[in-house]
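Letters A, B, C, D and E name the chains as they come in the text, with residue numbers starting at 1 for each one.
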Amino acid sequence: IYGNSGGSSDAVVWGFDPTAADEIGDDLKQLYADNGVEADIELRPGDSETGARRDNYQRLLEAGESEPDIFMMDNGWVNVFIQQGLIANLSEELDESELQTVEDDYFTGFTDTARAPSSGDLYGLPMYPDFPVMQYNKAHAREAGYGESDFETWATEPKTWQEWSQLTAEIQEAADVEYGFTTQWDIYVGTACCTFNEVMSSWGGAYFGGRDNLFGPVGERPVTVNEQETIDSLRMMRTFVDEDYDNALEGYASGIMPSDVTQWVEESSRAPMAEGNAVMHRNWPYAIGNNAAEDALGVDNYGTMPMPYAVPESEAAQPGTGGTTSALGGWHIVLNPNSERKEEALEVIRATMTDEVSLGLFELWGWLPPKPELFSSDRAAETGVVGNYLDTIRVAGENTMPRPVTEVWSNQSTVIAEAANEVVAGETSAEQAMNDLQSSLEEIEQQ
Amino acid sequence: MANVTLDNVTKRYEDVVAVDDMNLDIRDGEFVCLVGPSGCGKSTTMETIAGLTKPTEGTIHIGERDVTKLPPKDRGVAMVFQNIALFPHMDVYDNISFGLRLRDYDKEEIDRRVERASDIVQLEGMLDRMPEEMSGGQRQRVAIARAIVREPDVFLMDEPLANLDAKLRVHMRTELQRLHKQLDTTIIYVTHDQAEAMTMSDRIAVINSGELQQIDPPLVCYNEPTNRFVAGFIGSPSMNMVDGELTPGGVTTDTFEVALDPESLSGVWDGDPVTLGIRPEDVHPAEAADELAHPTAPIEVTTDVLEPMGDEIFVYLKLDGAEADDTMEGERSSNSLLMSVDPDSDIAEDDEISVVLDASKVHLFDADSGDAIAHGVVDTAAAPAADSAVAESEGGD
Amino acid sequence: MANVTLDNVTKRYEDVVAVDDMNLDIRDGEFVCLVGPSGCGKSTTMETIAGLTKPTEGTIHIGERDVTKLPPKDRGVAMVFQNIALFPHMDVYDNISFGLRLRDYDKEEIDRRVERASDIVQLEGMLDRMPEEMSGGQRQRVAIARAIVREPDVFLMDEPLANLDAKLRVHMRTELQRLHKQLDTTIIYVTHDQAEAMTMSDRIAVINSGELQQIDPPLVCYNEPTNRFVAGFIGSPSMNMVDGELTPGGVTTDTFEVALDPESLSGVWDGDPVTLGIRPEDVHPAEAADELAHPTAPIEVTTDVLEPMGDEIFVYLKLDGAEADDTMEGERSSNSLLMSVDPDSDIAEDDEISVVLDASKVHLFDADSGDAIAHGVVDTAAAPAADSAVAESEGGD
Amino acid sequence: MAAETQPDATTRESRKSGALVTLTRRIENLGETGFAYLLLTPVFVLLGTVALYPLLRTFELSLYQNLVGLGEAEFVGIENYVSLFTGDANRWLPGSTTFLPGVSVNGTFPFVHLNGLLRSALAVTLIFTLVSVFFETLIGFGQALVLDQDFRGRGWVRAAIIIPWAIPIVIQGMIFFLMFHPQTGFLTEILAQWGIVAQTNTLNDTASSLLIITVGDIWKTSAFMALLILAGLQSIDRGLYDVAEVAGATRWQRFKLITFPLILPTLGIAILFRTIQAMRIYGLIDSVSSCTVVPSLSCMVVETFNTQRGLSAALAFVTAAIIGVVVMVVIYQQYKSGDI
Amino acid sequence: MATDPDAESNLGPLSRWTRRVITDQDTRDRLYRGLFYAVTLFFLVTTLFPFYWLLVLALTPNNAILSGDWNLPFLAPQGFNPQAFVEVFQQIPFHLYVLNSFILATMTTIIVLVIASLAGYVFGRLEFPGRGLLMLGILMISYFPPAAFLLPLFDAFVGNAIEVPFLGIELFTPPRLVNTPGSMVLPFSALFLPLSIFILTTFYAQIPDGLEDAARVEGTTRLGALFRVIIPLSAPGVATAAVLTFISVYNEYFFSSIMSLQNEPSEWSPLVGGILSYQTQYTTDFNLMAAAAIIGVLPVVILVIIAQEKIVSGLTAGALKE
C-alpha cells in the first residue's frame, strides 16, 4: 500500500527529532533553503525515545546503510559512535577555516562531546546545546518579601547550596507551598549524566578524577566517587529530603525536597512546579518554555538562576570542577560515512554553522544557539518565552559538566544512578553507597 | 423400592415431540422392554428417567420420590448408553470401575466386582486395553460391565447388545436375567431384537411416535396386540395384513373370504372396512389343513420368492386375482402373503398352490383407526374355541 | 470389475493378531457377509480393504489393481462404519452429499441422489437436522445413505442395520438387495443378524480369531459347517452339541446312543471321541417320530425352561441320567438339549418326555480338532438317504 | 450404474488437472514418514531461514568479544559463557545486577544463604516465572470455568476477561506504572500500609517492583491461559458428562475424573508456553520499572546488546538453555501423557 | 445392593430423608449459583479495574494526570476531556498505524495457521520416527529472547549478503525487506509458529480417527480430511491459536520497531509505534496514549467476540458410537 515512501530520491535525508520534524519541518527546510542549501532536505523522524533512536542509528550504521545521510545525535552518544567508528570524521571533510570557527566560536565544553578524545578530531557539528538551570516561582518568592531586584541578581549570580536551601525553605514556609525543590533522581540515565553529576561537580567531585579524564582513557583514569566531596554532595541531597537524617549536613535546610524525587524524571518533577506547588525546580530550558508560558505561570512569575554550588572552582578537589555546574545536553549533526550524497550533506552541515540558521532554529523550535555570543543578540532575546531567560542560560552554558561518555558509560551510568538513588531514598548511607560504587566502577573500568 | 412411574411425560424439541404424554408404571423389580421404530422416543424416555433430559411436561417418580428435578447422580440409576460413550482416556478397568471409584469403595471390592463384571461380558484379560484398541462389540461390552458393577436400583439399558454376535447375545441375555433375579432391580431395556424382548421381559412397552401403544407381557403383545401398529411391529417377519370389509359371514377381501362370526364382535357393523391380520406361521399349505382346528377355506396363491433361513423358509405368496403387485420384491403389500414353512418343504418358486389360514389366529383391526376389533374369532360353523375379546391392555399380567 | 482379493493378509497390533493370514476371493458383484464373534477381526478386515489400515503382511486387490498401498479415496469403495462416524458439524444433507461434493457433481445431480438415498433410508424431511439432534437409528441411516449415494465399485458395510428396528431392518435389507442388483456392485457386509446373513448373502464368510473358517453359500454353512465352530456359530439358537464316542454302531454319549454307519466315515475309528451336533429344530417330540424319515431311538429327557418366542417355543431339555447340570439356567452344556416346538404344543416345564433326533440332520465333529467328520450320516438300517461327505468349502457355490 | 461411478473417481479429477492429480496421488502414496516430512517442509523452510540461521549467527557472535567499541573483535571461545558463571560478566550487567545469586554457608538457620537474591537475574527470573505462572494457571482456569458456563451476558464477560490480553505491553506497563507513580499512585499508600510495597521509591525497590510486575503480568496473561483452557474445555465431548452423571459423579468428581484429565494436554501446552514467555519477561519490566531494578535474563540480553554484543549473544543462549531445563519438567509430563 | 454406601442414607424415615435431599439440593444449587456469580464478579472487577483506570486516564486532561489527586475507592477522571479520543487522530494518522497492525496480524495469522495446521496434523495424527525430537526442536525456537534473532535478520533484511555461520562465506544477497510487511511477517510467523503448532497438535490429536477415516473413504485425501473435517471440528483450538497469534502480532513492537526504519505508518510502523508517538524526549501524553490504547483494543475485542463463537462451539456430539 505504501509503495515509494522515500520522497524525492536525491534529497539529503536527515535523521531528525520526530516532534520537531512534524511541527516545523517545512519552515526548517525553508530556513536551510534561504541560507544557501540547494539540495532538497528530507527529514526522517526517529523514535521519540532517544535510547531507541540511538539503537536504531547504531543498527543502520552497522548494517552499512547509506541513509540517512546526516543524523541528529545526542551529545551523550556521539562519543560511542566515534569509538565504534560508525560516523564520518568531519575534520577530514570540513575546511580548515570551518574547523577553526568551531574551535573558536562554540561552547567548548559542548563541542568537546563531538570530538574523538584521543585525536581531538571533530566528528559532529554542534547543532544546539541544552543546559539545565534552577527555576523558581517568583510569586512565591514575592510572598517571602523578595522583589525584582533580588530576582535580577539571582538570574546570573550563583548561590551556594547552603544559602539557596535556606532561601528555598524560607519561601516555602512563607508561601505555604507543598514542595520546596523538585528535581529528578530516579534510577535512570538522567541522574547519572546530569542531576547527580551537577551536584557532585558543584561540590568539587568527579567520577573519574576531574574534567580531563571525562572521555577516557578507560582503565587508566582514577575512579573518584568514594571521596568526601561526593559523599557530602549526596548527604546534602538526603538532607534536603529527610528532616530526621542522622547524617545531615549542618546549616542546610531540611525537608525542602519530597522523597518522590527518587522516582521523578523531568516531566513528573515539572508537574508540581507548573501547578504552583513548588518553589524551586531544576530542569532543562524546555521546562521554562512550558512553565513560563502565558497559559501557565507566565514570565512574570517565573524566574531562573544558575545552579547553586558548594565549593568554588578554586577549591575543588577534582580538577576542573566546582562552582555552579550545569549538565550538558544538546545535539550534534553527524555525517553518515556511507552517504551517497556527501557533498549535499556537507552543504547542510555548513549551513547549520551560520548564525542565521542557529538563530532560526532558536526561533522556530527554541533550540539554543551553540555559540555563546549569539545569546546576547537582540534577536535571541526577543525570541519566545525562553528569550527572557538567556542570561541565566548563558551562565549555565559557560559552566557545563559533560557526562563522561565512553564505551563503558552506559554500564557505569546505571550503577551510578542506582547508587545515587539509594542514598537519597535513604536506603543506604552515602559512605556505603559510594564505597560500593567505587569498586563497581573500578571493575567496569578494568574491562 | 424402585418402581418407576412416568406421569404425562412429554418431551418436545424445537419442532419434534420426542415423547408424547407418556404414562408408564413400572413395578419394582420388573423387567420392561421398550420397543418401537427408530426415532420413536425410546432413548429420550430413558434419558428423562435417568435425568439427562428434563421433560417438557410431566413428572417422574422413582420409588416414592419425585425425581423430576433431581440430578442424575441422585436417582440411583445405571445406564448403558446407546452410543456406548466410553471414557476415551481410561482403560477398560478404569471405565468399568468408574462408578465404584466415585463412591470410594475399597480397592478389593472394586477389583472383585470388576472381575466379575468382566467375566460376565467375557472381557477377561482386556482390562488394561484402551477403548480405541477394542472392537465395536468389545466396547459395548465394556459399557455393559460399567453399568452392571454398579448394582443400582434401576438399570436403564439402551440397546446394550446391538453390536454383539448372536451367541454372545444369548449368553448376555441369560446373564442379565440372572443379574435381574439376583439383584432384584428394575430394568428398563430398549431392544430391536424380538427374541430379546420376548424372552427377557416381564412386559413389553410398544411405543410409536412418542406415544405408548401397549404395555403387556410378551405373549399378550404377540397374540393380542391392541392395534394394527403393535401387531405389525411385534413378530418377525411381521404379520400379514390384508384389507377387507366386514360381511355378515365374515371378512371379504379382494381375493378371498374368511368365515367368521361377526355377531360376536361389538362396535362394528356390516360393511365396515377392516384389516385382517395373520402371522406367517399361521399360514399353512392346504395339505396341512386337517391338522388345524379352524382352517379357513383354501386360498389360491402363487409362490413368489423363497427365503430359506436354515431352520425355516419364508415363502412370499401372490394372491391370485389380485391386481398386479406394485410394491417391490420382498416388501409386502395388501395383496401378498408371507408364509413360514419347514425347511424340508418341497415348495418351489412360481408354484401355484393353495394355502389355508388358522382362523383361530386371525386378527381383525379397524381399517381406519387401526384398533384391534378381535383376535381369533373363529367361524360360526365350528365349535367356539379359544376366542377372546380384545384384551384390555391395562389388565395385562 | 471389482472383485476383491485378499492374499495372506495379516494385521497385527502390538499384542493382538486381529487378522490372521486371511485369504478371501470375492467375485465381482458378489454379496458376501462376514460373520464371527465379537472381536474376531471383521472390522479390521474391512478397514484393510478400505485402505484405512495398512496390513502388516499380504496384498489386497480390487479388480485388477493391487491397492495394498493405495489411499482409500482411490479404491472406489464406500463404507458404512460400525461406529457410524457422521460429521458432527454438517447437517444430514451435507453428510450424505459429502462424497458427491468432493467429486464436484453438479448441484442437481447431488440433490437427486441425496433425495433418493434419504427416501431409501426413510429420512425424508430430516435433511437439515444435525447429527446430535437425531436418534441412534436415524444416525445409522444417515451413515447408510452417505454410502449408497456414492455408487462405488465396492460397498463395505459394517453392521449397518444394528440400531434399526426389525421392521425397518427388513425394509433396508430389501433395499440393499435391490441396490446390489441395480448397481451390480460388490458388497461386503458384516452382520450379527442371522436372518440378514442368510437372506442377503451369496456367500457367508465365517471368521474366528482372525482366521477364516469357511466361506460358502448360506445354506451350505448352515447344513454343512466345516467345523464345530461354524456349526455353533451359524443358526440361532445355536446347534446342540453333545460329546460322545464313536462305536461300531454309531455314537454313544453319556445318556443316549445314536445309530449311524461309521463305516461310511473316513479317517475316524472306533472309540474316537466325537461331538454330535443337532439343531434345535431337528429335535422333535417322540410323537412326531413317524413324520421323520430317519428318527433316532427315543431319548428320555425332562423339560426345563420354556422360552416362548411367539412363533415358536424353545424348550430346554435335561438329559435324564446326566450328571447334575452345573451350568446355569439358559446356558447349555453337553448334557442338555434345546428343542424348538410349535407355539401350540402342550409341553410344560418339568415334564418327563421323550424326544427323537432327525438322524439325517445329525452332524459329527472331531472332538479334538473340531473339524466336521460328517453331516447327516443316517442309520445303516435305514435307506441311505441324503447323506453327504464333508463339503469342501472351496467348492461352495 | 457402475458406469455412473466412473466419472467421479478418475476421469472427473483428471480432467481438472492431470499433473495435480498425479501429484496428490504421489503425496498420498508416500509412506507415513515421507508424508510427515513433506508436510513439515514449510515449517523447516520458515524456521530454518528466519529462526535457525539467525540463531547460528548469534551463536557465532557469542564466541567473540569486543564486537562493539574499540579494537578488533576477538575470538574468545566460550569465555563469554564462563564469565557469566564466574561473575566476571556481572560488571557488564546493568546496575548492581549479578547473574547468579551469591551463595554463602554459615551456622545460622537456614545455613545456606542466597545473598542478593533479588539482584540476581537468574533468581529474579525464576521467582517471577514461578509465581506468575502459578497464579495465571489458577486464575486462568477459574476464568475458563466461568466462561464455560451458560449464563446471560456471558459474551460480555468473555470479552471483558480477554481485554487485558489485548492491551499492548507498553500500555499495560503504563497502567501499572501510574498506579504506583509518586503523583498518581493511588495504590502505593494503601498497599504500603500493609507492608506489601515500599512506601517511597516504590518502583525503584526491587521487591515492590517485582511484585507489581508479577501482578501486572498475571492480570494480563491470565487471559492467555483462560483462552486456551476454555478451548480445551469446549472440546470435551459433553456426552461423557452424561455418563459420569448417571454413574453418580458429583460436580467435583466430574471435574477431577473427566474435565481435568481431558484438558490436561491443553493445560500442559498453556503452562509450557507461559513458562517460556514468563522466563523471557522484558517489556513489562522496562515500562513499569527498569532492568536495573528488576533484572531479568532477557533484560540482561537487551541491556548488553549495544555494549557487549558477544556477551549478549551468550546470555541469549544461556537464557534459552535455562528455559530448556525449566520446561523439561512440563515436557516430561506431556511426554508421559503421550502428547509429544 | 446393601454394600452400596449410598444406601446408608436410606436409614431413617424415608419422607424426612426425601425432604432433606430435596431442600438440600435446592440450597446447594442456590449456594452454587451465588458462588458462581461471586466468582464471576471477582474476575470482572479484577480484570476490568486496570482497564477502567486506563479509561480514567484517557478522559483526564494530560496536565491533570501528574498533578491529580487520585484516591480510592472511587477513581473519577480529573476533569472530563473526551477530546483526547479525537486528538489521538489529529496528532498522527493513528488509524493508519492501527490498519498496519491489523494487516500484519492478519497476514501472520493466516500464514501461521496454515503452516501450523499442517504441522499440527503431522504431529498430532501421524506416527513417524523423529517426531518427538522435531517437536522439541521447534519448541526450542521459542526459548530464545527475540533479541537473539535480531541482528542477523536485520542484516539480511536490509539486503546484506547471507553468510554461512562460522565460515564467513557469502551465499547470496537477499532482497531488501525492511520497511515492508515481509520483514515483520516473516519473523512473526517464525516466532509465533511454535505455540500454534503445539496448540493445534493437541487439538487435532483429539479428533477421533473414525471421522478422518470416514472422510478418507468418502474420497478426500489426508489433507482434504484435515481441512474438511479435522479443522472444523477443532474450531475451539484453531480459533484460539488464531486469536493468540493475532493479538500477539497486533501488539508486537520489538521487531516492527526495528524493521520499520522510521516510526512512520508508511513504513509499516504498527499500533504500538503510533501509541509511542505521543511521547517526546521529555513529555508523555498519558491521556493520548491511554485513549489510543483503548481505540486500538476495540478491533481486537470485536474480533475476539466473533472468534469466541468458534471457541465455544466445539462439537463432536452425535458423531460416533463408541
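One rule holds in what follows: a contact is a pair of C-beta atoms (placed from the backbone, for glycine too) under 8 Å apart; a residue touches a chain by one contact, two chains touch by 3 or more.
Since we're looking at a predicted model, the values are computed, not measured.
Measuring centre to centre, with centres taken as mean CA positions, what chain is farthest from chain B?
A
So, comparing each chain's Cα centre against the centre of all protein Cα atoms, which one is closest?
If we average C-alpha coordinates per chain, E lands closest to the whole-structure average.
Tell me which chain's centre, taken as the mean of its C-alpha atoms, is farthest from chain C.
Of all the other chains, the one whose centre lies farthest from chain C is A.
So using the touch definition from the top, which pair is joined by more C-beta contacts, D-E or A-D?
D-E
Averaging only over C-alpha atoms, locate the centres of chain D and chain E and give their separation in whole Å.
Distance between chain centres: 13 Å.
Round to the nearest whole Å and give the separation of the Cα centres of chain B and chain C.
Averaging C-alpha atoms per chain gives centres 22 Å apart.
With chain centres defined as C-alpha means, what is the inter-centre distance between chain A and chain D in Å?
Spacing between the chain centres: roughly 40 Å.
Between chain A and chain C, what distance separates the C-alpha centroids? Give it in angstrom.
Chain centroid spacing, chain A to chain C, equals 98 Å.
Quick check on chain A: which residues sit in contact with 2+ other chains?
268, 271-272
What residues in chain E touch two or more of the other chains?
6, 66-67, 151, 208, 219, 221-222, 276, 316-317, 320-322
So which stretches of chain C touch two or more other chains?
71, 73, 82-83, 103, 133-134, 136, 150, 163
Going by the contact rule set out above, which residues of chain A touch chain D in the complex?
Those residues of chain A that touch chain D are 54-55, 58, 80, 83-84, 186-188, 258-260, 262-264, 268, 271-272, 407-408, 410-411, 414-415, 417-418, 421, 425, 427, 436, 440, 443-444, 447.
Going by the contact rule set out above, which residues of chain D touch chain A in the complex?
Touch list, chain D to chain A: 68-70, 91-96, 181-183, 200-204, 290, 292-293, 303, 305-307.
Spell out the residues on chain D that touch chain B in their complex, using ranges where they run on.
It comes out as residues 237, 239-240, 242-250, 253, 257-258, 261-262.
Taking the touch rule as given, give the residues of chain E at its contact with chain D in the complex, in rising order.
For this pair, the touching residues of chain E are 6, 32, 36, 39-40, 43-44, 46-48, 50-51, 53-54, 57, 65-68, 70-72, 75, 114-115, 118-119, 121-122, 126-129, 131-132, 134-136, 138-153, 156, 162-163, 165-166, 186-187, 189-191, 193-195, 197-199, 201-203, 205-206, 219, 221-223, 234, 236-237, 239-240, 243-244, 247, 250-251, 253-254, 271-272, 275-276, 286, 289-290, 293, 296-297, 300-301, 304-305, 308, 311-314, 316-317.
Please name which positions on chain B make contact with chain C in the complex.
Contact set of chain B toward chain C: 13, 16, 35-39, 42-44, 82-83, 133-138, 141, 158-159, 162-171, 173-174, 177-178, 192-195, 198-199, 218-219, 222-223, 232-238, 279-281, 307-312, 328-331, 340, 343.
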